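Taking it in order: structure first as structure tokens, then the write-up.
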Amino acid sequence: MIHNSIKIQTKNLSLFYGTKQALNNITLDIPTNRVTALIGPSGCGKSTFIRSLNRMNDLIENVSINGEVFIDAVNIYEENIDVVELRKKVGMIFQKSNPFPKSIYENVAYGPKINGIGKKSVLDEIVERSLMRAALWDEVKDELNKSGLALSGGQQQRLCIARALAVDPEILLMDEPASALDPLSTAKIEELMYELKENYTIVIVTHNMQQAARVSDFTAFFYLGEVIEYDETKKLFTIPAKKQTEDYVTGRFG
Amino acid sequence: MIHNSIKIQTKNLSLFYGTKQALNNITLDIPTNRVTALIGPSGCGKSTFIRSLNRMNDLIENVSINGEVFIDAVNIYEENIDVVELRKKVGMIFQKSNPFPKSIYENVAYGPKINGIGKKSVLDEIVERSLMRAALWDEVKDELNKSGLALSGGQQQRLCIARALAVDPEILLMDEPASALDPLSTAKIEELMYELKENYTIVIVTHNMQQAARVSDFTAFFYLGEVIEYDETKKLFTIPAKKQTEDYVTGRFG
Amino acid sequence: MRKKIIGGSVIFVSASAAFVIVFIVIFMLGALFIGGSEKLTWEFLTTAPSDGMMSGGIFPAIIGTVLLVLVMSILGVPVGTLTAIYLSEYANKRFFFTRMIQFAVNTLAGVPSIVFGLFGLGFFVQFVGGGMDKLLTGGLELKWAQPNLLWASFTMAFLTLPVVIVSVVEALRAVPNELREASLSLGATKWQTIRKVVLPNSYTGILTGAILAVGRGAGEVAPILFTGVAYFLPHLPQSLSDQFMHLGYHVYVMATQSPDVEATLGLQYATAFVLLVLTFTLNLSAIILRYRIRSKIIR
Amino acid sequence: MKRYFERVLDGLKTSLIKMASLVEESIRYSIESLIKRDKNLAQKVLENEDRVNALEIEIDNAINDLLALQQPVAVDLRLILAALKINNDLERIGDHAVNIVQSALKLMDMPEVKPLVDIPKMAELSQKMLHDALDSFILSDTSLVKTVIESDAIVDELNQRVANDLKEVIRQDISKLDGGFELLRISRNLERVADLATNIAEDVVFLTQARIIKHHADELQ
Amino acid sequence: MKRYFERVLDGLKTSLIKMASLVEESIRYSIESLIKRDKNLAQKVLENEDRVNALEIEIDNAINDLLALQQPVAVDLRLILAALKINNDLERIGDHAVNIVQSALKLMDMPEVKPLVDIPKMAELSQKMLHDALDSFILSDTSLVKTVIESDAIVDELNQRVANDLKEVIRQDISKLDGGFELLRISRNLERVADLATNIAEDVVFLTQARIIKHHADELQ
Amino acid sequence: MNKFSRNIDQLKKKFRLSEFLAESIIKSVAFVSFAVIILIFVFVFREAIPIFYSPEEKVIDTEQEFIQETYGEDESTLLLIEKENKKSLEETDYEGEVTFKNLAGKEWQPVSRNPKYGILPLIVGTFKVTMISVLIAAPISILAALFTAVFATKRLKEVLKPAMEVLSGFPSVVIGFFALVAVATFLQNIFGYDFRLNAFVGGVALSLAVIPIIYTVTDDALISVPKFMTEASLALGATKWQTALFVVLPAATPGVFAAILLGVGRAFGETMIVLMATGNASLMSLDIFEPVRTLSATIGAEMAEVVFGDTHYNVLFLIGSILFIFTFALNAVAEFYVRQKLLKRFRGES
């Protein structure tokens, strides 16, 4: 179905919280430099799935995982995989914007710094470029020393995106990145995604079906831990193949 | 413009938090048995406005209010108004569902009880009717003794609606009642509003423009504490009179 | 109408309760100050007791108390802080080890201070001290196997350990999890995350924990009764193996065992007041710090 | 109980069905008035026209509101878009009925041009096509679509034949020129009705299969 | 920088303008081919037709996607709905150009029926109407709409005159019957082109004022 | 294929020394708390255990230990005297001195010629004082917490709360001192009882130490009742006091319960206050105006004078063990039962 090159590939991925199964045999190919949206009712496993792509679930106690997740054809759940390196490659943006209580500059420079980049000129350059990419530079360039927390909600979220971009990831995972924002800030984030997908592979979880329709190239409909349908967004929202999907997108579900 | 009878009328309502003005000269007629939606960017005063309709702002220190709010032609900010009685007449549903940590039954019966209704049979009757109206009865009728907190998010929100209905209000104020819910629960709440407006006057704040378009009969667009445009929803979303409104609803704002 | 009456009385009764407490506090503070004001002089603070403690100052007791809390903090605060870091950052609730530590901290917090005293006596003075003497001098010389500053400090450090742990854990938990996730998702290691994100955002909390512990330690008497405090010493402690005087104990002995309690009443009041001021200064700074943290969290 | 949105959609469908039956009636009456030379029936068609026009605008407005307020997707969106087109097509069919009636009225004041054979045939066929197309829409069922589309060719052929026949008649008797022109116009209008019925049928395919088959009738499965 | 959605909308507008210029070209060539009896130009119109049909479907799909994925409201929604209708109308105009060309080709094989006077006039007028209507759309400017709608009556009158003239010609010389029929068809098609241009103009009013003025041209301000 | 291997390299696990060291050190240090608890357990009980052995063995045992390990020559005479005492005791037919029957006796006279180790009066005394203190402290502090958490204006709160914190910072010895020199006389003047120092005075003094605990924990529980719950109630037309009594307080009950338990624990184990304010007579009586001797005060008063290793010494450790076990149990209940319940309530599982 997908003719682009594949960036992320899950094969029979199942995930359990204790004995509770949250993901059931998910096999999904996520294309390079496209936006892939995950939709589905609450608790269907969207966040769980996205967090298993950078092994953020490792932080939760009691999690067990079956199956495989390939990123650039490397199974990230293999024994000898370094989670820290993986997470540099796979950036993540969270629902609630979470800038560090530091200056804007320090927020963006955090990632490069912990990776051992100490030279001020290099850092300056990275900070500027990342903020530009996150479409925030113009708004903050004169006050890089202001606290990241002094920004508005929408700006904070873009700051978090800039911070993620600063470590040069290839993939951006976004878990409801705009659900706490008002329509204006949401529009800005969505706009940003159109631009970012030129260089990054983006996976976004969203509760907002209209948002999924607007921003994504591909959409996966999750239900009860399974992928019911996965297709081009256009197709999913005009002529979905499964009755369940159609019921969900037209609001007739349940 | 509005030909229905008027339930709520504000006249030159201004509100200050300390010296910060949050509402500026709001004059608005809200019709009986209709859904009126308030939209606008974050911080424009929607919540402040809605909370001034049941004097919930009285709880915040440092608030000062000018102008008048008439409900059924009575100015609720007059000296001799009993706030407790007012709030019985003007129910409120909050963004985050907030059931008491009591049983479903006790949650709904709370209002009648504090109003001195003690007879079990009367309470039973009120609880059943309120839950029915809130479209929750069928789902919970066999487990009225379960904790209200054990329900799902969407059910909790409907429980809160039932609880508000139990004190027999005439007006329902809803501050982003569905913003924390997934699409399915949101659809249920919206559906409920179509039914409730037959008997109640509903004022809803929503961040979700599509939601305002879907559920409301009238829409007011707030910006910086002022009402920029107030009209039939249909009109506002097809041919708004003000450029600012059009820019906002089409996402070109700011 | 009935509602109004009930409402009024509910508020009245609860307000009275609150004001009763405030009244007691003010009354006690006032009484102690007035009772001791006559004797509260610079001299009182800087000289040793004389005339079989019938007169003179409390200098050695102040020094003893300060030394005690100093050594105690040096011993206890790092352990408490590291334990708190473990509990908040590394612990996995599934591990038996974690549950064990958590259980130990909770239990430790509830152990009566007098039991700590017994423990100090049984463990430090007799077991450890005895062992050391045996090792160092072959048991010929009695140096460590008796109550002294070190053992009292150890005992006190353990007593205050849960205070440190609980308030540092609180401070660490107050750092939103989102910040940790943010750091980890940027490819930071766990220790990097703790060092660069968690600790910088909780150092006031750690400081509060330390001060609270010190405040608690300065006021406690029971644990040192048999682990190091002395009734009267002609000179200040010279080493960790010396005994020491203590303000709290000083109040106790003067009030209960002095030959003429009435005659030294002024001294007693003054001593109690000094002790109170010492613990207050500590507690107050902790309170202020804690309020600042809380308001920062609420933001 | 049905959802509010579905109730609104149902309302739209009902209006459209009302519109369809009005238009079907107009076509039927227009042909009958021609055959029976009945001015009353012709009058009825002219009266219908105002109602059809009003209904068209009403439906158009309802569709605009639905699209602006309800964010329909998938099958709902396709239904609304199909309704939009069918509404337009029905109004056009109504116009053609009026055209037919206008010619029929002129013909009533003239002697008979020739016995009507092919025109009634065309009328019957295009009415059937319209009816089938509308049925397909109402039932969201594409089984009749193929027949409708195939019938269009027959109607085209009949139209051609009528034109040729009429030319012959005129050549025989130049006095029949005016009457011939009117019959020609009627035939042409019927041919357009069949075209529009075909459009409706194509819209049903779009509604059910989300494929645009216009200009590609061969693609129909 | 423009928003993504606006860029998509701009894309839609561009496609529509491309379509419009293709169709304008077809109409122009069809008339020229008639007047100059030029088979090459006629051929070009037939070639255009395929491109127009393809473009119509492309635009239709783009509109469907926009409606399904972007939840447009207010002016955006009206633009898209206007585009939907204009797209449809343009395709019909393309069809009419083909019809004209078919008749023109037949006429090339016959002797001249009569010197063409009114038909070129009609052609010029309806082309101007079309051009004005499309300009109004592109500029979202209703100042030309009134002229367009008023011109439609003139075209109707010309069409009537052409029909009467042709009847006269045929009555004079029955051998001109076939040619007369073809010219009649051409005139009728031009009349339809003018109608469709009027539709487009009406859609521009909807786009800018959200009012449907169809059947109520008098309401135009 | 080339790309594949490069990727694997990039993601291959690395050894990070600082990471390893940090984790190891933190883990080892964390173990200290547990070690301490075990040590307390071991060393307090260890010294109590000898009571349960036969007297002869024990005496010899401790004797040796003492002479060798602890005491210098000066005190050996003293020791001898004690030993004489003991021997003479053993010669008198007081054989059951360490049996449970003796421990369960009604008299506590450890230093008499005929030592009696009946700890019953101590237990009764402890409970008496604890009861009095909690009965005074609980209502006051719970009501006060309700006032500051719900009714007080922000201004008032800013005055009241620090006052409570100040009280919690009072060293117990200061409270004891104050009770001894001021409160006792004051109360005696009011109630006119015989003994200046008694269970009641002790209880009153002790309540000053208990109030801050109950207050703080209750206040925490009340404050952690989410604000939206209060708003919900008010929005339904409830008054402030109805909201306080019907929503806030019930939601916080487990917390209040825990507060009381913790208060009991504190009162039970508190030493200096009771040592100074209760009169310290081991009377077996229910009269609250008679002097009492509590378990903790007994240890505090007698440990300094006792001979290391003798029966009295062991019995004092036994008393320590009792204190330990009781407070341990109390905390366990408060901690596990109550907290779980509170959590469940807010999560909606009960």
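Things to note:
Per-chain numbering from 1; labels A, B, C, D, E and F assigned in written order.
Heads up, the rule we're going with is that contacts are C-beta pairs under 8 Å (C-beta built on N, C-alpha and C of every residue); 3 or more make two chains touch, one makes a residue touch a chain.
Computed from a predicted structure; not experimentally measured.
Counting only chains that touch, the fewest steps needed to get from subunit E to subunit F is 2.
Common partners of subunit B and subunit C, by the touch rule above, are A, F. Over half of the residue numbers at the interface between copies subunit A and subunit B are found on both sides, making the touching surfaces mostly the same.
Centre-to-centre, using mean CA coordinates, subunit B is 51 Å away from subunit F. One finds 49 Å separating the Cα centroids of subunit A and subunit E. Multi-chain contact residues of subunit D, defined as those touching 2 or more other chains: 3, 5, 64, 68, 71, 73-74, 77-78.
Contact with two or more other chains is made by residues 189 of subunit C. Under the contact definition stated at the top, the residues of subunit A that touch 2 or more other chains are 84-85, 187, 209-210, 213, 237-238, 251. In this structure, the chains touch in the following pairs: A-B, A-C, A-D, A-E, A-F, B-D, B-E, B-F, C-F, D-E. Chain contact summary for the complex, subunit F toward subunit C: residues 16, 18-19, 22-23, 25-27, 29-34, 36-37, 39-40, 43-44, 46-47, 68-72, 139-144, 146-148, 151-152, 159-160, 162-174, 176-178, 180-182, 208, 211, 215, 239-242, 244-245, 262, 265, 268-272, 275-276, 296, 299-300, 303-304, 308, 316-317, 320, 323-324, 327-328, 330-332, 335. The touching residues of subunit B, when paired with subunit F in their complex, are 54, 56, 59, 61, 84-88, 91-92, 94, 96, 98-102, 110-111, 113-115, 147-151, 160, 163-164, 167. Note for the complex: subunit D touches subunit B at residues 3-5, 64-65, 68-71. Every residue of subunit F that touches subunit B in the complex is listed here, in rising order: 153-154, 226, 228-229, 231-239, 242, 246-247, 250-251, 345-350. For subunit B in complex with subunit E, the residues that touch the partner chain are 209-210, 213, 237-240, 246, 249-252.
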